[in-house]
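The chains carry the letters A, B, C and D, assigned in the order they are written, with residues numbered from 1 in each.
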Amino acid sequence: MTSINTDAILETLVFIAIFLLLPPLLVGIIRKTKARFQNRIGAPLLQPYFDLLKLLSKGETISKHTSWIFRSTAAINVSLLIILAFLAPWTSLRPFNLGADLFLVIYLLALTRFFTVLSALDAGSAFGGFGASREVTLALLVEPAVILCLAAIGSVSQTSDLGVAFSFNNIALANQPGLWFIAGCGLFLASLVELSRMPADDPTTHLELTMVHEAMILENSAANLALVEYAHFLKILILLGISSQCLLHAIPFFWHTTELILVFSSLVSIMILAASIAIIESVAVKLRWTKLPEFIAYSVAMSIFCVFIALSKNLN
Amino acid sequence: MILDTFEALAMVAAIFAILILGTTHLRTNLSFYSLHTMAIAAVTAWIASITHEDHLYLVAAGVFIIKSCSIPWFLNSVIKKINVGTDGGAFIAAPLSMHLGALMLGLSFMISQQIPGLIGEADSRLGSTAAMSILFSGVLLMLTRRAAISQIVGFLVIENGIYLFAVTQTHGMPLMIEMGLLLEVLVAVMVAGLLLFNIKKSFEHIDVSQLTELKD
Amino acid sequence: MNDLLYLTALPASLALLSLFIRDVKLTRKLVPVLIWWQLGIVALVLHPCLINGQRMEFTSGLAVDKMGTYFILLATFVVSCCITHADYFFAAAEAHGDAYEDQQLRLFYASVNLFLLAMTSVFLCDNLGYLWIAIEATTLSSAPLVYFEKNKFALEATWKYLIVCSVGIAFALLGTVFIFAASQRGTLAVPTLNISELISQAQTLNFPLLRLGFIFCLIGYGTKAGIFPLHTWLPDAHAESPAPASAMLSGSLLNCALFGIWKVSSIINAAQPHSHVHQLVAILGTVTVVAASLLLLRQHNFKRLWAYSSIENVGLMVFAIGLGSGPLFFLQALNHSLAKVALFLLTGNIIQASGTKKLNKMHGVIEDCPIWALLVTLAAFAVTGAPPFGAFVAEMSMLSLSMTDERWALALIMTVAIAISFVAICAHVGKVILGPAKQGFKKFQPIRASIIPALLVLGTLVLGLVVNTEAWSGPWSMIK
Amino acid sequence: MINDPTTFSAANLFTSASAIWLGGLAISAVGREKVKSNFLAFLMLAGALLTLSGAAISWNQSIEYNQLQYICFGLARADSLVDPLSVPFLALLGLLGSATAIASPCHTAALNSQGKRGHYWKLSFIFLIGMQQVLLAANGIAFLVFWEIMSLSSAALVASDHIRHRAQRAAFAYLTATRISTALITAAFLWMHHNTGSWSLSAWHFGTEQSLVAAFFLLFAVCTKAGVWPMHVWLPLAYPEPPGPTSALFSGLVGNMAIFLLMRLLLAGQCSHLSIAYAAIALGTISSLWGVLFALMERDLKKLLAYSTVENMGIILTAIGVAILAHCHNLTAIATLAAAAALFHTLNHGLVKALLFLGAASVERAVHTRELTALGGLAKNMPWTMLCFFIGSLSICAMPPMNCFASKWLVYQTFFQLSYANAPILERAMSLAMVGILAFVGALSLACFTKAVGIAFLGRPRSNAAAKAKESTTNGPDGLIIAQLLLAVACVMIGTSVPIALDGLAPAVRQLTHDQFLVGSSLFPIPQGQLALVGGILVSSIYLFVLGRRSAEVKSYITWDCGFGPLSTRAEETGSSFSHPIGRIFSQILQLKVTTEISGKDRRHFPESVRVETFMTPILETKLYRPVMGIFDWLSSSLVRLQTGSIHIHLLYVFLTMVLLVFLGTNI
């Protein structure tokens, strides 16, 4: 980006604006849609912004048992997710192309999980503990699915750089709607679990015994909580973004249209996915903990189909 | 076939050896043993007379004095000291083992046909037959008798068999060696006899089949 | 002839002396000194043979070659080490309260000297008949050593030792007769038992008889050496005799019997190299090693443990003989003697101190007496052929030799068996060494007791670091 | 060739290092109370630094020398060979050796008896010498000698806490395993010598048909020594036992020595047997899964680390397998990648595992237990240990930007690139599957180490000992802590400057794969250092402007207790409950059983006492090893029965043997 040209800078500003502002909106969309499904008017679309601001202005309470892990986790997670937002191909608007290696992306996500789990254990409360243990269990089941979906795509495009794989000018992937679609579905199912939405976890419940993510952040408050929430929103943005990208690649129309349409459609598709999450949450129920593996099995199955397609693609 | 004289004597020795198997009465065993050894001494002497190897006369004399006189006498005195009349009993009944010994005589005749290398007509089949059957009866004696003293006798009989083999097949080994052997046997019997006393002292019997303390 | 006198005079006279000296204390101090002196004499007398390997002929049938010299030196060295340590052993026994009677000790010292005499003569023999006599003489002279303790167990062990070995040896006599017959019925008939003559005209001997003779000698001397199914007397005798005596039995007596086998096998080698009889010997050695290593797994008695490990090493030496490599046979014998003597002596100390032979009653020697523990561990490693000790060199050379000799199946089996025996011995020794202290060791002087073993262990360590066996890699190179 | 200056100086450096260690051995053996432990530690450090510098001098050329002309192990002399492959291992040895040296004095100070101290020093010195010479050995015989010296001394180290029956068992298990591997190695060496007629390791090539047997022997020997499934059962017993500082050497190097042997012979020897590759990959995969699973379920901190070693050895073995596989299909690029991955991960894992074991040692020193159920809340009392252990855990979970991420990434890349390489479809499928499995293993190890850190250091102390643990003997950080800091810094340094490290490894990789056009830094394109920098700036700015800003008032209060009185520590998550959900999923493999008994009159509504127990029965020990032991037991007992003690039977043996031998001798 050494050469100063205005539209590059413009793109960058737009990009930053999007990933800083969009995440709360997504949550707003989800909540609004759910409210509509439950015949409520629901909170305004921008409520999440207000919540964040309110939290930032509150006074913080910290358990005296915690260590520096607890203090720094929120900040670390937010910054990790910001880095991820720059790397990962969650939208087709990428003003500059840093090498978005798929293993790096996965492991950065894992790193955020590492910190989250530790901070949950840090206060030494019972809820944080089992929240953490459930979190790692879910992650364990989901991880292979995610990595296999992305690896299949990468293996077809013969590179592990997602930036290249997801750019619309990669001939190897041009007519692979099946692969893209299945990968998209797999990733979407996986991200339901990763984002601790229904049916893996109920973000709105306040029965601690059933929650995963909420249980982990039970001790956070005020600015700390705000950061955690924002990090979670960012994560929603990125994961939904990646799966929506996959789905977009499945539609041949997008392979030859203008940049602008792509950008808009990618943003729209993310919102659509958010809405569909809301729909799922309103029609589905939270599964029992012991039944979860059966649900995750679907996304793993998707990933296996992807692998088969990838293998058959460059069959020699 | 015509029986050479020394072969006849060898056979006599073999038969005496088999007779030893016949009884568990130790004195009788010893007397049979000395007769058997005398026969062997006679064989030696006779072969000496045939082959004009003078050192064999000396050997014969040595065998007669040491093996057939002094050793039985020594063992007799041992028996007297520890006053054990008869063998405690045999794994195989004495008459049966004697019959076995007789069969062994036949067997050893067959084996002696098989010994590779003994092809020259110089060597006598019957000599080796006798030697081997003596060896076998010694083995039987050692395997079937419980009393320590019968084992000594058995060892002596085996040794006699080997000696007879040497005499009949090779017409005696060098004098020094023969004498060495005699001395060796004498010392061995002495040591064994001394041990015998101690066995009697500390176990109140000489039944070696009960010495089974040492095992894993 | 004079040389012969020099070699034998001292032990013979000592045998008589030690019977008649009143004061046993004097004997205990005198004999070791003189036996070390004897070692010097032997080295002096045999130095031409030692240095430029020439054969020394004393009379007809009495001669010594390089290997014989080595073995004589080894035997004398072992005896002098043991007899030196025996002084401490008896002193410790007195300190411990169960002193031995003077008569016992006199007999002990007398028979040790006779034993030495007999062994020396074994290696001097150049005549199968004399060889047989000498080896039987070793049996007879060592019987009193086994019977030293004068209890029931010792008696039983002695009886078995005497009878089984004598019977076995009797077969060796039969074998000797057969070989004599073979020499008579050869193409050019010169009836002789003289080993060097037999070797020189081995081609002309009557081979079937020779082979038969060899097999009988193998059985006979093998019984004395403790080859697997014939080994039954060995653990009893080694376990029941006092520590110095067991050390001598294991460290030098076995070598005599094996030396006999080696002599006879060198005849048959000369007659017909690569005869399958040698295959038989190698297989016998392997079987012995395998059986011993399995038997080692289940031992409850500290001294029987080492007895079985001696059987294993005998198997290795027989294997070396079967490969026809004399130097390796001697190297293995040397290392085994050094390590095993050290082990038996130390074991004797530990048994005296802890008052039991039972392995499961011993523990924590390392707490009570670190130096003994260290030495026992090192010697155990040495005897199981762990590097960098000498036995490793010998075993490795044997294995590679048998590989080059296309006997790789035997080599691989051997490797496994050696590993098993290592594990077994280490398990047992570990139980003895490790664990909480026993507090029984106060009145013993550990340092004085560990001088000789330390020297021996050091010796085998040095052997492992300097010996070069590359020259002996050719299978039949060293027989001529 | 000794006249070449670098050769000469490098040879001198190595020789003088082992000479110094030998001197230390002699001093510690002879000198009693007089010798100060600081002096011995100084000697150890000096030797380690000399080794390090020797490695630095000869990093990209191969040197053959023999400065011990008079030493001869029978079939061969003690020739030494420094080649690019052995250099990185020597460097690792130097680094860990210095860490051990720094940590040693405060360990020996804690030992009560002089004898124990002496043993510690002697054995550590022998151990170091053995390992260094193993790395330098140029021929099979010298290798075997020093290999066995290393094994025996380390076995003695394992037994150093010998009063405990646990330590005895561990030592015996380790000794058995290492002897089995030595026997296999011996067999392999004999076989190769039989084929090639040379003892020199570099003369052996495994491309030939008849080398297959030797290759298999070697593979299994290495699996046994490195602790790969199913020969790993000794490892969780033995690794926790050595005294604190040496446990770093032990855990960091013993396994790596085996891997080194495998690389030196099979990779550098151009092994081209597909069967070996498949076996390696299969064993490696199973053991990575198995190891991490058992590590997760483990309740003992050091055993947890030991099982994670099983996992990482498995991963390394798979990489080596792929290297062989790729060489068979001559896919040079992938072979290079795999070799680099294996080598780099071996070194990283050694470093990190040493760091973690030092941390565990310092925890054990402070709390006198390794049971996770008795730890907790140590972060307050032992900040430095906490920090180092945290860094170690990050690294071993392959979290960016740590060093293990780089090597793990290389492993991923290996399989990923194999999946579209010109290879049989089945192997490509296998490689994609392996990517999934590796991710699975990664997630498991994340769970495992969050457990380790979280349960041991975070939360509230679960025992009084943990509550009043003291980090160091002095008021500042003492040797043990400094050693950890050293290793932790090394981890971060390597992690943030991977290209440099890979450039350093390039000669070794070249030697392994004979790929001359390799540029080390091009293997790993991810700018980890820059990312770490950006991340650091972001974190600190957020911290400053959001969390720690002036206006925000922060008040400290107890953990939320739902309004009931103070929370008891019993309410906290324990190690086993943390990993229980995962254990439930794999209960078949783990043989995990849970028994719950609730007592009381009205058990459903008012239980008086609830008692829950979980059992795990080690499946391999019961199903595989016990029967094998049984066979040996049966053999030996039936042989023992031969020794009846009846003289008649013994005589019978003599006669029967005679008959048998005469028959065999005459009729064959």
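Methods note: a contact is a pair of C-beta atoms (placed from the backbone, for glycine too) under 8 Å apart; a residue touches a chain by one contact, two chains touch by 3 or more.
On a predicted model such as this, the values are computed, not experimentally measured, just so you know.
Novice: Please identify each chain that touches chain A as well as chain C.
Specialist: Correct list: D.
Novice: Sort the chain pairs by how many C-beta pairs are in contact and tell me the top one.
Specialist: Of all chain pairs, the one joined by the most C-beta contacts is A-D.
Novice: Which chain has its C-alpha centre farthest away from the C-alpha centre of chain C?
Specialist: Checked the centroid distances; the maximum from chain C is A.
Novice: Roughly how far is chain A from chain B, going centre to centre by Cα mean, in whole Å?
Specialist: 101
Novice: How many angstrom lie between the CA centroids of chain B and chain D, rounded to a whole number?
Specialist: Each chain reduced to its C-alpha mean, chain B and chain D end up 69 Å apart.
Novice: Taking each chain's centre as its mean C-alpha position, how far apart are chain C and chain D in Å?
Specialist: Their C-alpha centroids are separated by 43 Å.
Novice: Provide the C-alpha centroid distance between chain B and chain C, rounded to the nearest whole angstrom.
Specialist: 31
Novice: Where in chain C do residues touch at least two different other chains?
Specialist: In chain C, 159-160, 163, 167, 208, 212, 235, 295, 298 touch at least two other chains.
Novice: By the touch rule stated above, which residues of chain B touch at least two different other chains?
Specialist: Answer for chain B, listing residues that touch two or more other chains: 116, 142, 151, 208, 211, 213-214, 216.
Novice: Name the residues of chain D that each touch 2 or more other chains.
Specialist: 640, 643, 647, 651, 666
Novice: Can you identify all of the chain pairs that touch?
Specialist: Contacting pairs: A-D, B-C, B-D, C-D.
Novice: Could you please specify the touching residues of chain D with respect to chain A in the complex?
Specialist: For this pair, the touching residues of chain D are 376-377, 379-380, 386, 390, 394, 397-400, 405, 409, 412-413, 416, 419-420, 422, 425, 428-429, 432-433, 435-437, 439-440, 442-444, 446-447, 450, 453-455, 457-460, 525-527, 531, 534-535, 538-539, 542-543, 546-547, 552-561, 567, 569, 571-573, 577-582, 584-585.
Novice: Could you please specify the touching residues of chain D with respect to chain C in the complex?
Specialist: For this pair, the touching residues of chain D are 70-76, 115, 141, 144-146, 148-149, 152, 156, 159, 162-163, 167-168, 171-172, 175-176, 179-180, 182-183, 186-187, 190-191, 193-194, 632-633, 635-637, 639-640, 642-643, 647, 649-651, 653-654, 656-658, 661-662, 664-666, 668.
Novice: Using the touch definition up top, name the residues of chain C that touch chain D in the complex.
Specialist: Residues 159-160, 163-164, 167-168, 171, 208, 211-212, 214-216, 218-219, 223, 229-230, 232-233, 235, 276-277, 280, 291, 294-298, 364, 366-367, 370, 377, 381, 386-388, 392-394, 396-397, 399-400, 403-404, 408, 411-412, 415-416, 418-420, 422-423, 426-427, 430-431, 433-436, 464-470, 473 of chain C touch chain D in their complex.
Novice: Which part of chain D faces chain B closely enough to touch in the complex?
Specialist: It comes out as residues 640, 643-648, 651-652, 655, 666.
Novice: Which residues of chain B touch chain C once you look at their complex with the stated criterion?
Specialist: Going through chain B, the ones touching chain C are 115-120, 123, 135, 142, 148, 151, 155, 158-159, 162, 165-166, 169-170, 173-174, 176-177, 180-181, 184, 187-188, 191-192, 195, 198-199, 202-203, 208, 211, 213-214, 216.
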